[in-house]
Amino acid sequence: MNHWLTAPVLIPLLGGILQTFMGYAPIALRRTLALATTVLLVATSMVLLTMADDGSYRAYAFGNWQPPFGIVLVLDRLAAFMLVMTSVLALLAHIFSLGGADEGNRQFHTLFLFQLMGLNIAFLTGDLFNLFVAFEVLLIASYGLLMHGGGTVRTVPGLHYVVLNLVGSSLFLISVGMIYSVTGTLNMADLAVKVPQVTGENALLVKAGGMMLLVVFALKAAVLPLCFWLPKAYASATAPVAALFAIMTKVGIYAIIRVYFLVFGDDAGELANLGMDWLFPLALITLAMGVMGALGADNLKSLTAWQVIISVGTLLAPIALGSAESLSAALFYMLSTTWIVAGLFLVADLVASQRGSAGDRIITAPMMRHRTFLSVLFMIGAVAAAGLPPFSGFFGKLLILMSVEPGPQMAWLWGTILVGGFLTLVAYSRAGSIVFWRTVDGHVETARPLKGTTAVAAGAMIALTVVIVAMAGPINRYTEDTAAQILDTSAYIDILQTPMVGEDD
Amino acid sequence: MITIALYASIAMVTLAALLNVYRLIQGPDAPDRVLALDTLYINAIALIILLGITLGTRMYLESALLIAVMGFVSTVATAKYLKRGSVIE
Amino acid sequence: MLDRLSFPQPWLSLILFLTWQFLSDGISGGSLVLGLVLAWGIPQLTQGFWPERPAFMKSWRMPAYLLVVLWDIVIASFSVAKLILSPRKPEPVFVCYPLQLEHPLAISILASTISLTPGTVSADISDDEKMLLIHALDARSDDEVIDAIHTRYEKPLMEMFK
Amino acid sequence: MELVFALVIGALTASGVYLLLRARTFPVVVGLTLLSYGVNLFLFASGRLATGQQPILGSSASYADPLPQALVLTAIVIGFAMTAFVVVLSLRNLADNQDDHVDGNRKQDEDSEEAKQ
Amino acid sequence: MSPLAEYTISALLIIGGAFTLIGAIGLARLPDFFTRLHGPTKATTLGVGAVMLSSVVYFSSTGQGIGISEILITVFLFLTAPVSANMLAKAAMHIGVKTMDNTRGKPWDQ
Amino acid sequence: MSLPLVVFLPFLVAIAAPLFAQGGRTAIAIVSSIPAIIGLAALFPHWETLAGGGVVHNSWEWLPALGISFSFRLDGLALLFALLILIIGLLIILYARYYLKKGENIGKFYALLLCFKGSMLGIVLSGNLLLMMIFWELTSLTSFLLISFWTHKQDARRGARMALAVTGGGGLALLAGILIIGNIVGSFELDAVLAAGDLIKNHAMYPVALTLILLGAFTKSAQFPFHFWLPHAMQAPTPVSAYLHSATMVKAGVFLMARLYPALAGTEQWFYMVSFTGMATLLVGAYVAMFKHDLKGLLAHSTVSHLGLITLLFGMGTELAAVAAVFHVINHATFKASLFMAAGIIDHETGTRDMRRINGLWRYMPHTATLAMVAASSMAGVPLLNGFLSKEMFFAESLQLNLPGIWAWIPPIVATLAGIFAVAYSARFVHDVFFNGKPVNLPIYPPHEPPRYMKIPVEILVFACVMVGVFPAYSVGPLLYSASAATLGGEVPDYHLAVMHGFNLPLMMSFAAFIGGLIMYSQRQKFFDFHARFKEVDEKAVFEAVVSRFVELANRFTARIENGSLQRYAVLLVGSAIVVAMVPLATMGIFVGENGLSPVDWPTAIAAAILIFCALASAFLHRGRFTSLMFLSVVGLLVALAFARFSAPDLAMTQLSVEVVTMVLLMLALFYMPSWTPLETSGTHRARDIVLALLAGGGMTLVTLAMLTQPFTSISEFFLENSKTGGGGTNVVNVILVDFRGFDTLGEITVLAIAALGIYAMLKDTALTPPPGDGEGHAWTRDAYPLMLKQIARPMLPLALMISAYIFLRGHNLPGGGFIAGLITSVALILQYIASGMVWTQDRIGIKYHNVIGLGLIFATIAGAGSFVYGYPFLTTTFDYITWPVVGKFEVASALVFDLGVYLAVIGATLLALVSIGRLSPHSAIRSPRENV
């Protein structure tokens, strides 16, 4: 069995434990070790990506128990994709945090690493209940991270975030109960085998459970009407945390792809394509809501937070359509939007640090320091986020637009994405021109120096959009293969036959 | 005979629990409610033991032991809350 | 060093050892060894929680005392039961009981005993630990209560905690 | 018996949901606790009800489904962690806003304005 | 199981149940907090003790071991009940709960 | 690979150019010229191929999935535009060298200008529509940055944003149109698209695609009603106006129409949409130009009008009209660029562009005046100048349209009318600026001729106007032919490029326009008065107002929906779950499955009734918080009993311990909180909440009932069979926790650990003022640590540790295990805190709970990783039976180490959380007066 699969879980776990012990060690040491952990994560996720790219499924059975009885980790292209996306983002956000955001309390690195552990488990696990546990790990860490930093602004949004997610966790458990009560199993591959055989009243039970599970994932993904917890929570988080949170909604989306394509896919009999007819219109409305919010935003972080919601809508619409092309397009866009949004959060924080009391609010203020550098970063990020060429957002949207079959759905999708893109452009140009250009006389009081680490991290995060464009061919090839792999559920089911160590095979 | 005694005993303990709940609702003061709760814990111990005898298993004895420990701590904490406010200070 | 290896609370160790034998499924070599380990280890771990060295106790008097108390509990329960079931209104009284015991543990044992026995509950101990407030469910006079407690419980306890 | 059990879960859920929708942190926390009791019982029930069949090998002739029990145990502990966190967050909310309204220092929530009209 | 054991067990069960019930009746019926405090502290504790004892006898006589953990529980209850009572009484005195009219003496200030 | 070189070189130099800003304006201008010079040199060798009707391709793959390739394509049309871009670009660079002042951000200016040039070249040289699209939007972006070059000017910022919104927005429509075309044709390659004209025009989606594409073209080329952005783009530095907003970028829309002419033109829809738009633009632009007092405003509206003219020509759909359109593109670029540059010089030398102040400049700058007058004449359509030639062709074509009846008169009348206006505003430009008395109050007085080199670009362009006007066939003939051929897809109609075609109707129209225009100008005051009766609309203000209104609306809308009310969000969440679950469940009804109902036993039923009652009571009496908590306690206890009743001893124990810790936690919190919840929710909302609660509860009841009565089989048989043999324990639940699903448990203790650390971190700097007494106004007692409690609590610790050890060790085989043991130990320690206080207890424990947590996680992880050594997966357990003397046979299981980790983590986390809250208490630092340890 390939022990590499455990690396994304064990590395942050050990890193986190180390940080727990080192609560009172010098900050330089803690930073070094924490950063080493994230660097190691990037390296291992790359290794896993190359492994996964051969198109096979690798299963890792904890405790050497044959699935569906034990818990398995499953590495495929999708999982590896999510791992790489996360680890790269995490590394840059982590570097950014070394600029001072990690100070204040001694738990930052611990929570940060545990958050990554939770994310990675969620991406790798092949077990429905273990997915719940992974969600809880990443959520509890995110609660802590959200509350990180001084001041009182985070408390109420944090409280809302936590309470809603606790309800979400309850719904998750109810769903698991409903599904288990009929199928008698928790392993996703096994569920993919059992769910198609469910009929009659039992199918209704599973359907209700499946739909509630969709609500849970939609809550994580911030789909309308379950998206309102997000803007204030993200906007109030410290920058590296907000940047890391760019991945959080994607966990919900990942879970939808994983569970709904595998378990409730085309072949799921009475339960085929469960919920997808709800998801498509909701995705479009979510997009529209995000655009509204972005237009009305009064600071850059809010603007970016609403951009997260825009991306969610843009992503879920093609996913709901469920063709290989649309899935592939969605994955490409996901990579692009996640990194861009993270970059924008970092840039917004740098802007805030250079404008004194005006912060990142979209108001007239004395000219900020380091305006050229920051405005270039913002401009690139905004252009990419709005989906204009030449940056990656454009290609992502283009792929999505092109992936739809002609018909009413195409009209709705194109209309929403294009008009939404236009209004987003208006929002960004308005915000950017006010923040960067509309200055009043006077000088910025209490400006903090622009630290090298933060500047480099934010710059690199934004530059990733260019990297995506440069590597668009290979990335797209990868997402296409990934989509094909996702849709071919029979191969996933084969992990149930994974030979155990010490077994004669 | 044991069966009859068992059922009688269970019935009486259950009835006792109902009376405790009555006191819990009635109050009138917070200490009354806590006392009712404390008594309910003790009734629960009895019920668990009786359940164990009914089922002929000793698997639940430790649950009873735990109720004893936990009920005590809970009562003490609540009483301290009532008179002192901060339970741990 | 010797101190660290000793049994700091021999009585506690004995109780723990015996309890372990009760808890285990019958006495065996394993339970004896493990019981010994725990009887040694737990007092070591919790030593800090027993600030004073064990008071000199004439502990052989303890079983007799306990039997008396046990008997009183049974009697008390019947008398309380009778009172509860009778339509007569009880005549409760708060009694201030002057303590002669000094050791806090002894006071606590006395207070516990009072609570478990006929119609009395220890409601409070004064700040200077000289006075015990007792609530009697149904008593004709204070002195009756005080005398009964003093002769039946406090005296034996004073004997033990000398 | 199934109906009794179902009603218990229903009552826990209903009470939990009602409290969850209150405007102060404390009832919300109590509501979440009630809800999680209901959810735990539900998850437990997904393995069906059994009397005297504790899944301790050798202690009975047949056994209750052990898996939901293990899941619920995990859920209880996780639920405890979450409750502890949300309780502390409520305290923090109180400290920061001098008020225990779930939306921070809002002397009146949206509803009460309508109530006045 | 020997008839003696059966009788013992049955008697203990009935006694246990009865005392538990009486304690609860006291809790429900007695007129003020301090009188109510006596019910659980004695009757209920004894009631549970009797039930425990019946369990000990039962499991000893069915050959499932000597069943000593019940004794532990009982000891535990006897150890803690006075403390609980004391704490509750102090709380009640702190709050100043009403005492019944014919109570002599006064609770202490807290 | 010369074509990509031409396109990408400007971008590369743009990156480098700012580095030369330090070297001064000349240095950077020279560096910035390099791409144009190399570009021209690179294109030159291809002329022969193009003249022969050939096409040059340079392409390689990029994103095959998207149909995007790096495909570049050079034909006559592309060459024409490329030359305009490169040559005028070169002149602009030279001009800007003198135009920009010292101290301006020349690095940024040249970099942006080069980026724009690259983008524009990209549009014309793209052989793939999507690639072109990328460059198209890039021109919008660079234009945005160039218009707002003087970022401190509000007008510049607003003009820039308006331009971006209109052109960028149009670009999105264009994108949609292109995607449809690509869908129809099956390729985005230009060759394929151009070859598929019939296929496209007959396709059902053609009308949509055409509309969308024209939307893109019209916005970019400032066609009515999207023309309003262009005049406001004049806030840009004049070189930008000359280059982007007259010669090149605004021609992109026109270029697009020319480019896709074979694929899209020739239908009725094309005719009506394009020609009428062009006609309207032609008139509106010409009319407004007349009344602009701003020099650049006049030129801008004139540009709008000329763009309308070109559009109208393309719309006519005849081949000759298309040739005329291409021709006018060249002519307009030359005379309008030179006019802009002249206007820039005047602005530069007088400090204003207001024609009411600028008068009689002939005396001060005759050289510039001569150049401007020639160019203006060309604009007016004076013979022997290039503008005349294409305008004659336009007049001729306007007469050729086969419109029915009276409609046939419309085009020539419109054309003449526009001609009249053109003459009039050209006359105004000449007379009002260079003559018409003396200057009024000029900021810079007296004006001078500009630096010598600043005039060279103007001279070159004016020379071109004359050369083309006099020797059209020799100067521009081959290029025009080749470009026309490329536009029309090979078939070029017969046309003659001559100075005069004799006295014909078009000449008469020209004559009429000339006379009319002069009359109009002479009577200008009447027109001005007439025009003054209409309120001038400032489109920028309108745009700003629209955007502001939109923002405000969006803001209000968002605030209404996202109102920060947790109650609303929770209603939405719970409501969503109910709705989606109800849909399938509604069809199920009250459902009892095959197994049916089992009989009720009364004690259980009564316990259940108590549970239900207490749950409801804790909800409905929730306002009294303490009472609610008491009921919650009962519920917790009864849930534990339910677990015991239904064969789950482990759960019963866990639930009990957790419940008590939770109670302590809640009371710790309640200490600081009000003891009473105010009633603040209205009746309707309460009713709503009750309905939701009942639906949720009712739904759960039904689902539970259905679930419990259905037969099922699960994977659990495996656990029961393998627990002893494979996991070494008889307590199957425990074996699942530490072995079969040990990974869940690892995650779970991690959650516990994180929660505790998070709580610790969150409370680190929290300060809370405790109330001085309870809710009824009783001050707290002084007695913090009652004697009896203290005395009894202490011996309970070793006892509890013993019980923990017992529960821990038996857990693998009997109910118990690390969790429960951990909770018992925790509760015993909590009791010490309660009985004896923080300071006392902490002194005696003396370990940091962080380390206990860490230790716990380490134990669990190491126990799991031990199996790596033997090549087994993580968390593979092993066990063995060992026989020792005295001790006898006993089991050693690695799972026990894992469970020990669980035990420690639980203790550490529970205590860290509770102690963190306890530390908030103000008493925790001060010893109570009654404390005597």
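Letters A, B, C, D, E and F name the chains as they come in the text, with residue numbers starting at 1 for each one.
Just so it is clear, a residue touches a chain if its C-beta (ideal position, glycine included) is under 8 Å from a C-beta of that chain, and two chains touch if they have at least 3 such contacts.
Only a predicted model underlies this, so the values are computations on that prediction, with no experimental measurement involved.
Steps from chain C to chain F, taking the shortest chain of touch contacts, total 1. Any chain touching chain A that also touches chain D appears here: F. The chain closest to the protein's centre is A, with centres computed as averages of CA atoms.
Distances between chain centres, each the mean of the C-alpha atoms, put F farthest from chain B.
Compared with chain E, the chain whose C-alpha mean position is the greatest distance off is F.
Inter-chain centre distance (chain D to chain E, centres taken as mean C-alpha positions): 32 Å. Separating the CA-averaged centres of chain A and chain F is a span of 16 Å. Chain centres here are Cα means. That of chain E falls 70 Å from that of chain F.
Averaging Cα coordinates per chain places chain D and chain F 39 Å apart.
Residues of chain D in contact with at least two other chains: 20, 25, 28, 40, 42, 45-47, 51-52, 54, 56, 59, 67, 71, 74, 78-79, 81-82, 85, 89-90, 92, 102-103. Contact of a single residue of chain E with at least two other chains is seen at positions 23, 25, 37, 39, 45, 65, 69, 72, 76, 79-80, 82-83, 86-87, 90, 94-95, 110. In chain B, the positions touching at least two other chains are 10-11, 17, 30, 34, 36, 56, 59, 62, 65, 69, 76, 80, 82-83.
Touching pairs of chains, sorted by label, consist of A-D, A-F, B-D, B-E, B-F, C-E, C-F, D-F, E-F. Within the complex formed with chain F, the chain A residues making contact are 1, 3, 6, 10, 13-14, 16-17, 20-21, 23, 60-65, 68-71, 105-108, 110-111, 114, 117-118, 121, 129-130, 133-134, 136-137, 140-141, 143-144, 147-148, 150, 156, 159-160, 163-164, 167-168, 171, 174, 177-178, 180-182, 184-187, 190, 201-202, 204-205, 207-209, 211-212, 214-215, 218-219, 225-226, 228-229, 231-232, 275, 278, 289, 292-296, 298, 328, 372, 383, 388-390, 394-395, 398-399, 401-402, 406, 414, 418-419, 421-423, 425-427, 429-430, 433, 436-439, 472-473, 476-477, 480, 501-502. Against chain D, in their complex, chain A makes its touches with residues 129, 133, 136, 140, 143-144, 147, 152, 155-156, 158-160, 162-163, 166-167, 169-170, 173-174, 176-178, 180-181, 186. If you check the complex, the residues on chain B that touch chain D are 55-57, 59.
Residues 19, 22-23, 25-26, 29-32, 34-35, 37-39, 41-43, 45-46, 65-66, 68-69, 71-72, 78-79, 81-83, 85-86, 89-90, 93, 99-100, 102-108, 110 of chain E are the ones touching chain C in the complex. Taken in their complex, chain E has these residues touching chain F: 76, 79-80, 82-83, 86-87, 90, 94-96, 110.
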